[in-house]
Structure formats: C-alpha cells, structure tokens
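Below, each structure is written out as structure tokens.
Heads up, the next two complexes both have chain A, just with different partners, chain B and then chain C.
Moving on to the complex of A and B:
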C-alpha cells in the first residue's frame, strides 16, 4: 500500500466552537491506482486530502490519526522534514487550478522554479524538463514563454498537471481538477491525465463531487458524507452495487457520461451542522430508508472483498436499490 | 515527414531583439492609453535631462556674486542679454540657480520617494502576510507615524540634525510610509489567500520565498503608484522647508530661491522673473508626478475610467 490514512480527525476552530470537519476517516491508496474521494461540498474531502500535504488553513487543527506514505509515518515529522516529501513524493494539483499559477511570472519560469528550487536541477536541465513536461500534457513548448492569462482554462489545467508531475512524485493529489472546465474539455483533460497515470504508473487521489468523473477515471472510490466515510471500495463494485443509500442517491442525481435516459432525482435537504452533528448515522435526516436503529452509530459492513459500507440496512441493499431508482422515493424525505 | 532535429530555434540575439521590442511596447503602453500620463512622463524626463546636464547648461556659477564692468554689483538686472532670467538682489544669476535647483529637487524627490516606498512596501508585505502580532505592532506604529504633524516634525528634525536636504528625505521617509504600507498590506492580505500562493506552499516553498518571489511582484505596481505621488510630496516639502528658512544654506534649491526672493522683497519691486520660474518648476514637477500616477491608476484599476 503506498498511502494509508487511518482514523484521521481534523477540526476547524470557529467562533462558535470546534467543527469536526473530518471525523475518523480511513482509506488506502494502492501503488499505481486512482482513488476517487467523492462527496458534496463541505463533506470534508478537501480537508482530508490537504491534511496529507499538511498545508492547511491556519484555523485547521490536526486532532489525531496516522498518515503513512510508503512505510513512513508523516504525522510526527517536523515542518522541515515534511518539506522534503512535498512535491518530490507528494504533489498537489489544487482546487481552482485555474488560479494556481502566479499571474506575474511566465508559466515556464514557474515550472523551472520548482525544478530548480525543489528538484535541485540546473537552469538548463530544468528548461529541457519543462519542455518535456509540456509535451507530456499536450502543450506546445513555445507556450512556456506565455503568462497564465494567455492560456485557456483547459491549458492552465494542463499546465498545473505538468507542474504536479514535475518531480515525478509517487502520489499526486488532484483536488477537483476538472470542475471549472466544460464537459468537452473535462473529457480531454481527464483522458490526458489517465493516459499519463497509466504511462508513469502514478498513484492518484482524485477529489471530486462529480460521481461521473469517478466512474470515468478511478479504480477505487471513497464516498464521504459530513466528515465520515460512508462507503468505499473498487469503483465498479461500489457504483454497480451501492450499499449505502447516500451513494445510491448520489448516483441517481448525476447524468451518466455514457448516456441513458433515466430520470435524475436530487437528494433533498442539506448536510448536518458539523458544530453539533447528530448522533448515529449522519445521513438519516435525508435518508428515505431511515429506521429507528439509525439513531445509533452505523456498523461497518463488508459487502464484498474490499467493499465497505457503514449502514444499518446494508444487508438489505439489494432491495433498497430497487426502490432508490424510483424518483418518488426521494421526494419529501427531508421534511424538517 | 518531419524530423525533430530540423526545427530551427530562434537565435539568442533574435530573442534579445524580440525582448527589446516587447519592452518598448510595454513602456509606450502608458502614453498610448493615456496622453496625460505621457505628458507627465515627458515633463519628468525633461527635468531629469536638465539635472544630468546642469553643469553645461548654466551660464554662471549659481552661487557667485556677480559684478558688471564698472565693478558695481550686478543686482536686480532684468531678463535678457547676458542673464537669461536676470539677477537677484545680491547679484546672482537666476537662470543658473533655476537649472541647478532641478538637481536638488530631483535628488530629494527621488530618494525620498524611494525610501518611502521601500519602507512602505516591506512593512506592508510583512504585516499583511504574517498577520497576527507582527501586523498589530506594525500597524500601531503606522498609526503613530500618521499622527505626527508633518511640517513641524521636519522642522524640529532640521533643528536637531542641522539643516540639510537629507533631513527632509529622512523626515518624509519616517512619516509618509504608513500610507503605502496600509494599501499594500490590504492587497497582500487578499493575495495570500489566492490559489497560486497556496499552490506555492504545497510545493514546499518557504514563507520568505513566497513573499518575495510570488507576492511582491503582484504589489509592485501599487508601490510605483505611491512612489510617483511621493516624489511630488517630497519636492513640495523641501520647498516649504527651504522657504521657511530651515533648508541647507550651501546648496541651491527652488524653495531657497523663493525664500531669497521673498526676503529681498522681489514682489514689491515687480521682479516676477525671479520667483515665478521656480514656482512654475515646482508646480510642473508635482503635476508631472500626479499625471504619471493617474496613468498608472488607470492601468491598475481600469474600471475607474467608466
């Protein structure tokens, strides 16, 4: 296992108290695999993966948990030691990568800066490597001399990916890498990305709210809701046989890339307030299948090899899926 | 069939040539957008040229007391002839004083502007980026500096350190930095939350590197704006201090010329050629500074134009 995250707990200090944004999250990233972390806005997915890089907002508090990269526990490392791993082993393609490039420097200069400053290359080698990287992500090398504003959104995204791959990291964390792009460009960038991932045998964590992106590129998926993992496993397994009602709902709420004319049904309501999270299953207020048992913490249920779900009714998942496909099931659930 | 090795890269000199053209285009971007700023730049460069070649432009030593062929004091001569702008009450050449005064004015203006903007930018950057206690301390210091009355402070400073144009520079640097520091601090506070700064942090770049390599270039245009305003301020202050008689006695400045003219009652004698030229020069260079800053402002905040 390249990366193991265990029982990660991250709090945010807020004026009204501590918000537990990530509450006991565990997942693995096997070498050479793409793991999708999916969930709606505010579910803690970005916070969880940012904790791996340790670059977090100043209000974030690392409460507990362990993060092991290639056998090395990253949590007890000092800032200085941690910096050695940043970008060389763990690269990050940030959310809104559109704005992740400094507007006052030429794009090539920014890639070279990372290569020279972090990779210890000389200017000339860095230049050659930058051209190589641009070729890899499908950009012309003459565009290295351009400023970020002269790039289109898709090109900026490609440049960000090139920057992420600069030092051949073991792990690339891509946070909503294609969210700001239109679907046509999304597909092109994702194709380039997948191709590179296979070619370089990269391990990737892909954070997204778009389950169709997960279906398109990921090998494994971790579904998060209100700071907790509610279901995880191999993509085909989880998406074909979702065992948690939230995953079923999420799947129903997105159109499929491959077409199909099924009706879309939104999940009504909104996630709970994490300042005062409800006891038991956090999804129960929006869940059409909630029963009395849901007031207590949901048990871990192994659906199949590697496929875990945290739901009291995971055993009845097959029957629930039948009902979940019907749009009417999801209407008027979150009445409060 | 294309081969990679047949691609001809532009030569070094061609690249340099293209670089110069690009630089020239950018340098002329201001006049093409804003004729007022262009006029400001022209005035400013005219003064710079005059200051550089002052030694060959003057007709007399500006400090020398002149006599005519009858060995009488050549005082209060009207413009024309040997003395382009006439002579003063004590027999000095006004034109030469005016030319030499450009040097003093520019020296004070530019050094004061540089120090104001350097201090203001560095403090604004540190205060805005690190925040917390550092920010609180620096900003309270800024409040104190803003609370000190400007002209009396410079006069007291001159009284303590002896009259010199450097006191004016020192006083301006000490009291005028808070304005630029505050604006730059606000800008930095917004910049430090931008995605590219976060991205730089994830690459493992240190705080100082991020501050000086990624944030500073983004606020430099604001610094220039404040510099062009500070030039005018510094020259006005120097003139005021000299006019009040606290200026240096061993150099020639426009403020001193005005003081001399005032003390010698030039107005009463109708010697307009004595005090109007230095006054016009002060107005011209201050206006030039404001015109340039206005042009900058339009480039920085294009929405203001509507």
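Moving on to the complex of A and C:
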C-alpha cells in the first residue's frame, strides 16, 4: 500500500467553538491506482487530503490519526522534514484552475523554480524538463514564456498538472481538477490526465463532488458525508451496488443524459452542523431508511472484498436499493 | 400555429473591447461579436434550453431577451411588440411579464433585506396593491416548496442554505406571475443532492403555470431534464435547434455531437472513445471566416472557410447550420 490514512481527525478553530471537519477518516491508496474522494461541499474531503500535504489554514488543528506514505509515518515529522516530501513524493494540484498559478510570474519560471529549488536541478536542465512537462500535458513549449492570464482555463489546468508532475512524485493529490471547466475541455483534460497516469504509473487521489468524474477515471472511491467516510471500495462495486443510502441518494439525484424519463430524487434537508453533530449516523435526519438503531454509531459492514459501508441496514442494501430508486421514497423525509 | 410569445430575428450583440496602442493610433475600436445573427421563436408555454461552452454567448442572449442590455442589431418581439420600442406603460408590463432567475443565489439577494422584503420588492415595483402582497408571496413560496411561516420570511439570506436561497430567488421571479422566465445556470452553484430539488421545482412550475422558459446551461444533461427543445450555440451563433430528445439521441451538427459525447455519465461502463474535436474556443474578437467551428471540425472542407452556413430546416422541427449535414 503506497498511502495509508488511519483515523484522521482534523478540527477547525472557529469563534463558536471547534468544528470537527474530519472525524476518524481512514482510506488506502494502492500504488498505481486512482482513488476518488467524493462528497458535497463541507463534507471534509478537501481538509482530509490537504492534511496529507500538511498545507492547511492556520485555524486547522491536527487532532489525531496516522498518515503512512511508503512505510513512513508523516505525522510526527517536523515542518522541515515534511518539506522534503512535498513536490518530490507528494504533489498537490489545487482546486480552481484560475487561482493555482502566480499571476505575476511567467508559467515556465514557476515550473523551473520547483525543479531548481526542490529538485536540485541547474537552470538549463530545469528548462529542458519544463519543456518536456509541457509536451506531456499537451501544451506548446513556446507558451512557457506566457503569464497565467494569457492561458485559457483548460490550459491553466494543464499547466498546474505539469507543475504537480514536475519531480515525478509518488502520489499526486488533485483537488477538483476539472470543476471550473466546460464539458468538452473537462473531457480533454481528464483524457490527458488518465493517459499520463497510466504511462507514469502514478498514484492519484482525486477529490471531486461529481460522481461521473469518479466513474470516468477512478479505480477506487471513498464517499464522505459530514466529516466521515460512509462507504468505500472499488468504483464498479460502489456505483453499481451502493450499500449506503446516501450513495444511493446521490446516484438518484444525478441528472443523466441517457436517463430517459427517470425522475430525479433530491435528498431533502441539509448536512448537520459540525459544531454540534448528531449522535450516531450523521445521515439519519435525511435518510428514508432510518430506524431506531441509527442513533448509535453505524458499524462497519463488509459488503464484498474491499467494499465497506457504514450503515446499520447495510445487510438489507439490496432491498433498500429497489426502494431508493422510487422518487416517493425521498419525499418528506427531512424535518427542517 | 399559435402566435409565438417571443420571436427573435437577426439578433446581434457586439461589445467594444479594450484597444491596443495600434488601435488607438489608427483610430480603430475592436469589437467582439457575442451574439451573431440569432433567429428563433418561442411559443407560449414552451421550454427552450440553450447550451454551449463558456463564451458562446448564451448568457448575453439571455440578457438581451429580458432587456437588460440593448441589441446592436435585430429585433426581439414579445407578444407582438418590439421590446426596444416600448413606451413606459408597455415597458412596465414587460418587466412584470418577463423575469430573470439568477445564477448565483448567494449574490442574487440583498443581504440586508429579509426574505419577505426581497419578495415584496417586485410586487411593490409592479404596483400590485399592498393588501395582496402576503397572499401573493405565500403563493410563490408554495410553488417552490418553501415553508412560509413568519420566522422564515423574517430571516436573512445568510441564515439559509444554498438550496433554500435558490428557491427564494425562483420565488421572487414567480411572485409577479410572469409568462416568460429566463433562468441562467440556476443550479450550477448547488450540490447534486440539492440540485435535483430545484430542477423538479422548475419542471413543476413549467407544467403548472404554463410558463415559457429559456433555461441556459453548459450541461446538456440538465437541459434534457427540463426542456422539450434545445438550441446549441457556438461562438455567438446558433448551430443546431430541435427537440431535446432528438438532439441528444441523434445530434447532427459536429459540434453538438462532441458536446453530447463529452457529457460524463455516472457509470463505470461509459465510452472512452476519443472526442471527435480538439482544441478550445478560438478568439471571439477574430473568429474564423465562414463557419465559425471549422478550425475544430473533423469534417471541414474548403467551402466551410468561405461560406457562412445558414441555419436551415432539415425536416421535422430541426434546424442545423452546417454545409455537410
């Protein structure tokens, strides 16, 4: 296993108290695999993966947990030791193609800086490597002399992928890499990304809110809700046989081009306030299948090899799926 | 055939863009053609989706339709009246009958206004008698499935979730009982689980009020869910128009084909065939001659560089602007 995250807990200090944004999250990234972390705004997906890089806002508090990369526990490392791993072993491709690059520096210069400062290359070798990287992501090398504003959104996203790959890291963490892009450009960037991933045998964590992106590029998926992992496993398993009602709901709420006249079912209500999260299952207020047992913490249930779900009713998943497809199931569940 | 509610002819919008030093010296004003010679009609109660990439002019078209900005050329006829030639009374009536639903619900409401005040404002502006206000607001709230107890109406935007805000924005557009609404990416800011609720409300409103609606989105899957008919735009021009189902199942224009193929689906067994087109949108200030899509088109031939393809009927209610279809 290249990366093992265990029982990760991250808090944010807020004026009204501590917000537990990530609450006991565990997942693995096998070498050469693409793992999707999926969930809605505020579910803690970005916080959880940024904790791996330790680049976090000052209000974030690492409360507990372990992060093991290639057998080395990253948590006890000092800031300085940690820096050795960034870019070289772990690269972060940030959210928002628009803001990831420094607007006052030429794009080529930004890539060369990483190669020289972190990779120990000389300027000339860095230049050649930058040209090579641009070719890899499908950009012309003459564009290295441009400023970020001269790039379109898709080109900027390609450039930040090039930056992430600069020092051939073992693990690439890409946070919503295609969210701000139009469908055609999104598809082109994803295709380039998948091709590179296969060619370089990259291990990738891809954070997204879009299950169709997960279906398109990921091998494994981790579904998060209100700071917790609620289901995880191989993509085909989880998407075809979801065992947690939230995953079922997410699927039924997703408009699909070839979906015929299937009516979409919204999940009513909103996620709980993490300042004061409910006891037991955090989804229960919005769940059409909630029972009395749900006030206690949901057990881990192994659905099949590698497919885990955290739900009291995971054993009945097959029957629940049949009911979940019906729109009426989801009407009037949440009490606001 | 019934009289169309909205009829658009030769609609063109050009914006001035910033000048280079050379332009200043030679006294030129470069322009960008955001909407290029667009024609279509919309029947009462019809729902029309407009899809295309960022920069294709779909938002500008929406703003023209609702008379937020004036057209450079061409006409928009709303219920037999040219909207650029309305007198004050007619204009006031138009402002009541045609409404816009904004994209970002977090910005669309005044943060200092209570929900009640945000909903009352349009009624007040349209001179609806005061004693009707409460009933009209309750009606609009019911339409978008929001609870209307006093404490909800007295809350402020920051106290509501994104989904609730978007419902309020929609209720504000509906409170004047319009006949025509333009919704510009009304769900793009929302999470998937909430999005479905807004889309369902849009469908219900469409069926219950018999509204004519233009739904602008970059996502063909959303448009398919709400609109019976769809127009595809590319670089300011309409390239395809027809029933949504037919466009999705059998797109004719090479650009629409690529658009349909690019829409991701939440299934593992989806097609990974390479897209038939490459590259991005060309510079809108200097679009290709002839067909604007030709430099990305896999089928382009010599004629495409010289002749602008006309949007022509190709049977049924479908229209395509391509020499080769």
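One rule holds for everything that comes next: the second predicted complex is superposed on the first by the 329 of 336 C-alpha atoms of A that agree within 3 Å, B and C clash if a C-alpha of one lies under 4 Å from a C-alpha of the other, contacts with A are read in each partner's own complex, and residues count from 1 in each chain.
Basically, contacts are C-beta pairs under 8 Å (C-beta built on N, C-alpha and C of every residue); 3 or more make two chains touch, one makes a residue touch a chain.
All values reported here derive from a predicted model rather than from experimental measurement.
Per the definitions stated earlier, placing chain B and chain C onto a shared chain A by superposition produces no clash, and the two fit side by side.
Of the two partner chains, chain C is the only one that A:264 touches; chain B does not reach it.
When the two complexes are overlaid on their common chain A, residue A:18 makes contact with neither chain B nor chain C.
Contacts of A:191 after superposition: chain C is touched, whereas chain B is not reached. After superposition on the shared chain, chain A has more residues touched by C, the comparison being chain B against chain C.
Of the two partner chains placed by superposition, A:321 touches none, neither chain B nor chain C.
Using the contact criterion defined above for the overlaid structures, shared-chain residue A:53 touches chain B, although it does not reach chain C. Residue contacts after overlaying the shared chain place A:236 against chain C, while chain B stays out of touching range. Contacts of A:6 after superposition: neither chain B nor chain C is touched.
The superposed arrangement places chain B and chain C with a least CA-CA distance of 6 Å. Contacts from chain B toward chain A in the complex involve residues 194-196, 198-205, 209, 213-214, 217-218. Per the touch definition, chain A reaches chain B in the complex via residues 53, 55, 83-84, 86-87, 91-92, 94-105, 113-114, 117-118, 160, 163.
On the chain A side of its complex with chain C, the touching residues are 40-41, 152-155, 182-188, 191, 209-216, 235-236, 239-240, 249-259, 263-268, 270, 336.
Across the complex, chain C meets chain A through its residues 53-54, 147, 161-163, 191-200, 218-222, 224-225, 248, 258-268, 270, 272, 274-275, 277-278, 280-281.
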